[in-house]
Every structure is written in structure tokens, then in C-alpha cells.
Amino acid sequence: MGLEVRIKTKLDGFLLDVDWSMDDELVVLFGYSGSGKSMTLKTIAGVMRQDEGYIKFNEKVLFDRNARINLAPQHRSVGYVFQDLALFPHMTVEQNILYGAKGISKKVAGKDAAEMVELFRLSDHEKKHPHEISGGQRQRVAFARALMSRPDILLLDEPFSSLDNPIRLEMRRCLTNVLKKRFQIPAIMVTHDVLEAYMLADKILIYANGKVIQSGLPREVFDNPATQEVYELVKNRALYPEYLFAR
Amino acid sequence: MHMNPFLGRACIIILLNISLLVLPAPGLAQKSGQEGKEVMVFAAMSMRKPLSELAGMFEKDNPSVTIRFNFAGSGILSQQIISGATADIYVSSSGRDMALVEEKGLIEKSSKHVFARNSMVLVAPRASRVKIKGFKDLGSREVRRIAIGNPKTVSAGLYAEDIFSHYGIKEKIREKLIYGEHTPQICDYVVRGEVDAGVVFFSDYLSRKGNLVFVEKAPPGSNRPVEYPAALIIGRDNTAATVFMGFLRSTDADRVLKENGFMTDRQE
Amino acid sequence: MDSAFFPMMLSLKVSLIATFFVIIIGCTCAYVLSQKSFKGKEIIDVLLTMPLVLPPTVTGYILVVLFGSRGMIGRHLYDLTGYSIMFTWHAAVLCSFVVSLPFMVKTGRAAFESVDRNLVLASHTMGHSELATFFRIIVPLSSKGILAGAILSFARAMGEFGATLMLAGNIPGRTDTMPLAIYAHAATGEWDKAWNMVLLFTFISALFIYCAIRLTGKQKWAWK
């Protein structure tokens, strides 16, 4: 079962046509800009319209064209981390995190928020505003906020793209820790950083022109690119020393 | 020694502009009155129809003359004249407003005369829910809105209040009064059914007869005389204006005035 | 100055009430225009902007046709309740509302559009309704723009003349707002009586414009 994604949408001359599924793992959507990766995320979240297909998570139907089901984003139980993080500038760290706790009683939410602050090492920063903390800290706030409501699915749209390299490494570790240890939920991440894709993915989906042209374990895809296009995308992995020592 | 070319050009431009100012500008030097070609008439709005017609007739017989009008409530007009507005003739719809101008010494006393009279009538909208049979009914509860001229600026309002006093209902109906800027507007309010009744000149009623219901004519003596004094404004030296004033007392003018519902002193 | 008191109070009353409705309806329209896309959106935008550009007498004419005692809407109201808006201070509120609404819609829309769309979407994905998102995210981040819009609307409402004259008439003690009263005094040569109101009006308007200008400077949430 898990998450089944079948999307067909036409937008301004671009056709997104994908059909894939996943379980409780971290899937990376990898490809050039404009290949439909972010569009996929937005469609799953329900903030972008979908022409045809269905999106199902276990027993829950988020969208089904034939059955005329289209849940509003409010009801899809997805945690979304935006590319620019989308932290509310007029709220403190604490308030931002609490804002993610819709539908949870105040008392429980307070406890959960405290846990999040602890988990993401944000203590002593709760009362600060987003512009007063560092890039890495903001990233962690975005994660904490997205996970507060215990979503069914976690969506990450190039979450580390605005960070410097050393922080990026730290964040990757943080993410995998949190996912493996605390929240075993399906997570979908969009990135165009080849090393990141390789390091983090349990499964990788190569996107090109609105279609998935190859999928599988990172090692499989990287060592055996199916087409010239895929090869072009993954060839730079050799430049990264980590690749040679990884896994 | 070379002159800075920019400076040279600037001098030429300045000289040109000065010469333009000094030269007489063509077409602007008409002093109206001196040549007597234009006559500016400030007239009460209720006179609009007959005066426009008379002006047309006069211009036909005197092609070199143009009659221009400023129509408004005569109270407004008197204030404009007192404030220095340029007028050759003032036609008022009440003695009161003419007196205001006369007090300031602004009219040629010898030229002043009453060349028309009128009477006040009560009118109502067609298909009105409220049934009114006369001025007396205005005090009843069913009558919610009555349109009259603003007594300060519109003579018709002055006369209307006279009538209300005569019937002893002035205080009773005070809350119901809606003021119009001039009698054609009052007629409009009545025709549109915005008010239950209106007090206008008989001449106004005639002009919109098809759309108004005639209720009652004000009984004689219920209001001060409704008269239209006309006078020349002092110091204008406009011969055409003097001739036009004379024309207003002619038999032709009489006919036009009577056709429009006014009365004149001329015996037939 | 006795004769100025009633018009001043009436103008304030009319403008405050009109602005109240302008804020509610204006913000709603601004929200829809800024967040949604639908067929005929630009037509709605044009309609809402018209009173800004039309001469007030044209606006007044249209309102009379609609709300006069025998008007398209007015006559039904009159038949049902015997109530007519003509020559009442309610008409002054209606006129002020119509001419100031475009200010609120335009300023409000610009303010709402300046809020990062991702913030709105983030709020939705976290389960918050559009209404909650509006009040907790959009409004706080566009508050300066909304306030500027409200101030401009109020100033415009205070200055409404042409349409008001046609619908409410100029009835002393009942519908003579400040602009109408000034006109009446000036027209009858009572310039001194109008002077106090002119002074007050100019001063208040200048003050409002100044506040609106200060508020529409860049809203700063410089965390990037």
C-alpha cells in the first residue's frame, strides 16, 4: 500500500505524467529544474490542481478524479518544508512551531513543542524571530513546524538549497536521524544536488520533462544510468570524494 | 569675442515672449457693452423656458446680438451679483432677492419693473399611494415628504412657506420638508415619486403637465405676490441689454409668457 | 461655530460608518482578487475600480436609478417597507461607501499580494482554514497596507459631494455633510461661515494623507 501517486496534469503547455509509489522511506526526486519535481510535491500537498489520476495513502484517498474526491490541503495531513522555508516572520520560533499544531489541544501542543525544540536543538532560541537566528536554525524550525501535527507524509522542496555547505551536511544528518528514529513516515525530497540525492535517498526517481525516466536504489541508478539523459544527470558524482567512500 | 550660443538663443526667446505680451492679442479685446454685441442675463430658473424662447426671437430680429444666460435660484444669483459677477440684466423671481441687490446700489433704479407674475400650486406624483386633496392634507400622517425650494435661495420656497403659514401647518410639516435647488428640480422629485407632494409655480406645472397631478392652486392672499422684477445692472452701458429689456414688455413677450403659464399686467 | 457643528458631526458619522463597511467588503474583495483566479476576474476588478474614475455625478446618477423610490432596487424596498433611502443620511453613507470602496480594494489587494504566497500555502498545509490563515498570517503581514487603505477610504468618504448631493440632497440639519454645507454657504455668499469648515477639512485631509504615506513605506520583516 503505502503512498500511491498517479498524476497527469497539463499546465501552460507542460505535461506532468507520473505513476509511482513508495512506503515508509525517503524518496528523492532528482532532475533538472522545470522537470516537474516541485509540481509533484505541490500536487500531493493539494496546493496545485491535478487534472487526472489519484493519490492514495494506505486507506486514505487524497485525490481521485473518477470518484470526484479532492481533499483540501488542510485535510491531507502532509508536512511541507518549502524551499525558502516559509517561516512566519511576525512570529517567534516558538509561535511558528506551535502554529503547526492544528487540531491538537493546547496542553499537548505545548508539550510537543517543547519536545521539538529539544529534538532540533533550538533551546534558548524559542523567543527569537526568524531574522534573528542562523540559516541552520531556521531550517530546523521549518522541520519542527512541519512535523508538529504528526503528518502522514513529509514533503521537502530543496530544503537545504539556501544553506552553506558545512551546515548542509549537518542538516542532512539531522533529517535522517529524525526520520529514522522518531517519525517513520514516507518522506519525499526534491533536490538537484547529486551528492545529497545519493546520500539521503532510500529510493531515487529521476525526473525529466514531466516524466520519471528511471527509478530504483541510488547505487543502481547511479552505476547503471538507463539513458544518456540520466547519465548526464548523475555523471558528476565522481567529483565528490564522499561518493567514493560512501555506503 | 564669441557669444555663448546658448545665451544667444535664450535672449531671442525672451525677447519673443516679451513682444507677445506687449502686442495686442487678437480676439481678446472685446469689451462687452462697448460694442453691445453680447448680453449677459442672470435669470431665475423658473424663467428658463420662456426667456430662452424670447432670446431666440430677439436674436433673430437682431442678428448682431447674442443673449447669454446664467439660470439658477434667484437667491444664488443675487449673491453672485453682489460678489461682483458680470451681468447686464438680473431677472429675479422674488422682490426680496431684487431688493438685496438694489440695497447695494447695483441696479439702474429706473429700469426696474415687474414684467411677469405667477401663482403657486400644489402638485403630486402620478400613481401615488398617498391621496392629497389640498394644502390642508399636507399635515396628515400619510404625507411623509414635501418638496419645496430652499427659502434662503429659492423664491418658490419663500412663497411655499407663506402658504404653509396661511394654513397654520408650517411647524407641523417642518420635518417633512425636502429642499430643492430650483423649481424644475422640485418637479423632478415629484415626477420621480421621491416625495409625496411639491410646491411649484404654475408655469412649472404646465411644463411637466403630463407627469404631474394638479392638486390645488394657492388661494389668493395666502402668499406674498409672486412677481418677477427685472432690472439693468448699473455701469454696464450695454445698449443691446436696454433694448432687450424693452422687448420683455412687448406684446410678443406677453404672448410667450402667457403660453408658459405666467401672468402679465397687460390687459388683453 | 454653531452652523458648522452639525455638518462636522454628520460628516464624521457618515464617513466612519461608510469606512467600516468599506473595510469589511473591501478586504473581502481584495482577498478574493489577490488569492484566487477565476473567469471574469478582471471584469470584477474593472467594476470595482469604476467609481474611482467615474465623475461622482455619474456615480450619483447610477445610484439614483438603482435606489430611487421608483428605482430598480429602490421600488421593491419601498413597496415592501415604505422606506426610501433618498434624502436620508443613509444615502450619504451609501454614496461615500461606493466612492471609497475602490481605494480599499486596490490598496488591500496590493498589500495582500505582497505577502509571500508560500506563507499562505504553508498555513494551509498545516491544516489552517482560509479564514484562519487570513487573520493570523495575511492580515498581520499586510497590516500597514490595510491601514493605509482604510485611511485613504475615510478621507475620500469625508470628501464625497457630487453623488451625495443627488441622492441625499442638501437638507440643512439632516443631510448637509461638510462638503455640502460649504457649498451651500459659498453659493449664498456666506463665505465666513464656510471658512471654519474649510480649515478643518484641509487640516484633517492633510493629516490623513501624511499618515497613509508613512504607512505605505516598505513593510520590514528583514529576516532574509
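Letters A, B and C mark the chains as written, and numbering starts fresh at 1 in each.
Everything that follows uses one rule, which is that a residue touches a chain if its C-beta (ideal position, glycine included) is under 8 Å from a C-beta of that chain, and two chains touch if they have at least 3 such contacts.
Quantities reported herein were computed from a predicted structural model and do not represent experimental measurements.
Chemist: Draw the chains as points, connect those that touch, then say whether the picture is a line, ring, star, complete or other.
Modeler: It is a line, because the chains touch in a row without closing up.
Chemist: Compute per-chain Cα centres, compare each with the mean of all protein Cα atoms, and return the closest chain.
Modeler: C
Chemist: Quick one: chain A and chain C, Cα centre-to-centre, how many Å?
Modeler: 45
Chemist: At what distance in angstrom does the C-alpha mean of chain C lie from that of chain B?
Modeler: 37
Chemist: Centroid of chain A to centroid of chain B, CA atoms only: how many Å?
Modeler: About 80 Å separates the centre of chain A from that of chain B.
Chemist: At least two partner chains per residue is the criterion; list those residues in chain C.
Modeler: As it turns out, chain C has no residue touching two or more other chains.
Chemist: Taking the touch rule as given, give the residues of chain A at its contact with chain C in the complex, in rising order.
Modeler: Answer in residue numbers: 45-47, 72-80, 82, 84, 86-90, 99-100, 102-103, 129-132, 138, 145-146, 148-149.
Chemist: So in the complex, the part of chain B that touches chain C is made up of which residues?
Modeler: 75-76, 79, 82-83, 145, 150, 152-153, 177-181, 192-194
Chemist: Under the touch definition given earlier, write down the residues of chain C that touch chain B in their complex.
Modeler: Interface residues on chain C, with respect to chain B: 68-70, 84, 86-87, 169-172, 187-189.
Chemist: Mind listing the chain C positions that touch chain A in their complex?
Modeler: For chain C paired with chain A, touching residues are 116, 118-119, 121-129, 136-137, 140-141, 221-224.
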